[in-house]
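Take a look at the structure below.
Lettered A, B, C, D, E and F in written order, each chain numbered from 1.
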């Protein structure tokens, strides 16, 4: 890669997983950054938090379940995964996710974490 | 001098794309370097040669062409997103020649080259 | 002459379900499909007047795909064939998407 | 046309005018029903009410202003135009529209009017 | 016996289209008459022959084809919406043969023939 | 190290502006563009802490196209060149759409 290889990129996931391609499009970007050994952090806010919910099964609606690929984050060294506590609370969701090592943050911390990144994409 | 990259995710029949073009044209006219535009999601439809927008409506493609010729602006098309929407560089060859067929790796490249990535 | 309301969007993200409730009448039928299933977690659903006799239904597999638990006391779990039949039994259908 | 020519169709407009094609797509349908002399009613609810706001000018953003075509409703015998009062109030909007003969209705009346139609499309 | 018409406005790469197909297949299997499907807005992308969806994902087009052949289901494409999205029956002829090129007048016709119009 | 928030959606229809305000920090800059201009009529805008020194800007022609009046005391009317310059002057940019 070119210069500035320490540049930090974040993706904010804001959509529920199935009805549109946003979550999958975001995942594809995250994995590419990972495979190029470029640092990438993932944020889940708003309806994006549904992507992390335990007990989902896309096979019920003939969807190829891209959420299962989240298990590969570790392999790609994608370790910074943050969830907005307010978004969970608003949806009456617990902290049981289908992947491990997810950091649940209050708004202020969530905002501070986001602000250490130079590039932010949102899907 | 800081460099920009732009990600376009909106289709040519949306006024949101007029805003993206306005932003890019304004930046280039101000002498700012744009390392490239990356077309993703419905943004890839801009590259479809067969798109026909009514002649009295805004023609995004004419603006992309002018920017590409005047400023040598690189226009990168995510081919995976494009194939889902009926664009192909193999069979039908309906991708406008000013666009470069790329993968998501190019987005990593642009993000590294640019000081700011702006999403539209 | 009930109306069938097919709710496909959720009120956390969009205004559609709120607009649906603005025009829902007594004896109308609501079916949550696709992302509309998420509305079971939204406070808006509690604003439905229990005296209005609104029937609340949800497509089972759409809820299951999303990991959403259904309270069988409040909601009828239906399948796609039920939805087709409801389309014919009601007087009109409006899709909130 | 075929049988049931008295069938009543309604279109509910729920999107703001410019950023997507919904308003224009809806208008195209309304005018086709009008030109085939089929009854069509238009409802404006939620962000759809922005389509009726006086003093808009799409030329500022290089958009062909389809809202001006609303003036042709009379010519097409499109006379049933209803607006949701709640949606106006929520947006702090008045009753000044760029077309005449628009009926502003409370929720209950709005719902009753909608319910006289056999076919309802929403954009 | 009541008749249905369906309007599809969602693209083939959205799971919303799987729901639309599920509804239509269920109705036809139950012996209900469908006077036709009208493709509008992003729904027209279903008719683009050049669309390529990854082979391990749901292939809407195979389902449309089966329904068209098994039940002679009429599939009407709004050509104005289609042209904006790169489909054409003149130059490139990239419209799948199971679709009928139509205008909005066909929607008026379907709405008159059907007892219920369901939008997806 | 302020962040530039480009707000393209309005809070009547979508959740984006609300999410923007969840992560806005002191001295950040908000620019309303496209349908984001409608937020000037939304109550959410009044929840912004006046002590946080958030700069509120709007693209003039985007507001004019939509018939939206701008209170010059509360909002800076800017043009596209100003937005480009803000992109470079701030430390990062996030588009809420």
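Everything that follows uses one rule, which is that contacts are C-beta pairs under 8 Å (C-beta built on N, C-alpha and C of every residue); 3 or more make two chains touch, one makes a residue touch a chain.
Not measured: the values here are computed from a predicted model.
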Worksheet item: Which neighbours do subunit D and subunit F have in common?
Response: B, C
Worksheet item: If you tally the C-beta contacts, which comes out ahead, B-D or A-B?
Response: A-B
Practice prompt. Could you grab the centroid distance between subunit C and subunit E? Build each centroid from C-alpha atoms only and quote it in angstrom.
Written response: 25
Practice prompt. Between subunit B and subunit E, tell me the centre distance in angstrom, where each centre is the average of that chain's C-alpha atoms.
Written response: 29
Discussion item. How many angstrom lie between the centres of subunit C and subunit F, each centre taken as the mean Cα position?
Written reply: 35
Practice prompt. Return the residues of subunit E touching two or more other chains; collapse runs of consecutive numbers into ranges.
Written response: 13, 15-16, 19, 84, 115-117, 119
Fill in: Contacts with 2+ other chains: residues of subunit D
18-19, 21, 46-47, 61, 63, 118-120, 122
Worksheet, complete the sentence: In subunit F, the residues touching two or more other chains are 8, 12-13, 15, 34, 62, 92-95, 97
Worksheet item: For this entry, which pairs of chains touch?
Response: A-B, A-C, A-E, A-F, B-D, B-E, B-F, C-D, C-E, C-F, D-E, D-F
Worksheet item: Can you list the residues on subunit C that touch subunit D in the complex?
Response: 1, 3, 15-16, 18-19, 22-25, 91-97
Item to complete: In the complex, go through subunit A and note every residue touching subunit E.
Response: 18-21, 61-64
Worksheet entry | Interfacial residue positions of subunit E with respect to subunit C in the complex | 2, 4, 15-16, 19, 22-23, 26-27, 30, 32, 115-120
Worksheet, complete the sentence: The subunit E residues in contact with subunit D across the complex are 7, 40-41, 80-81, 84, 103-105, 107-109, 111-117, 119
Discussion item. Residue numbers of subunit D touching subunit E in their complex, please.
Written reply: 1-5, 7, 9, 21-22, 25, 28-29, 32-33, 36, 38, 118-122
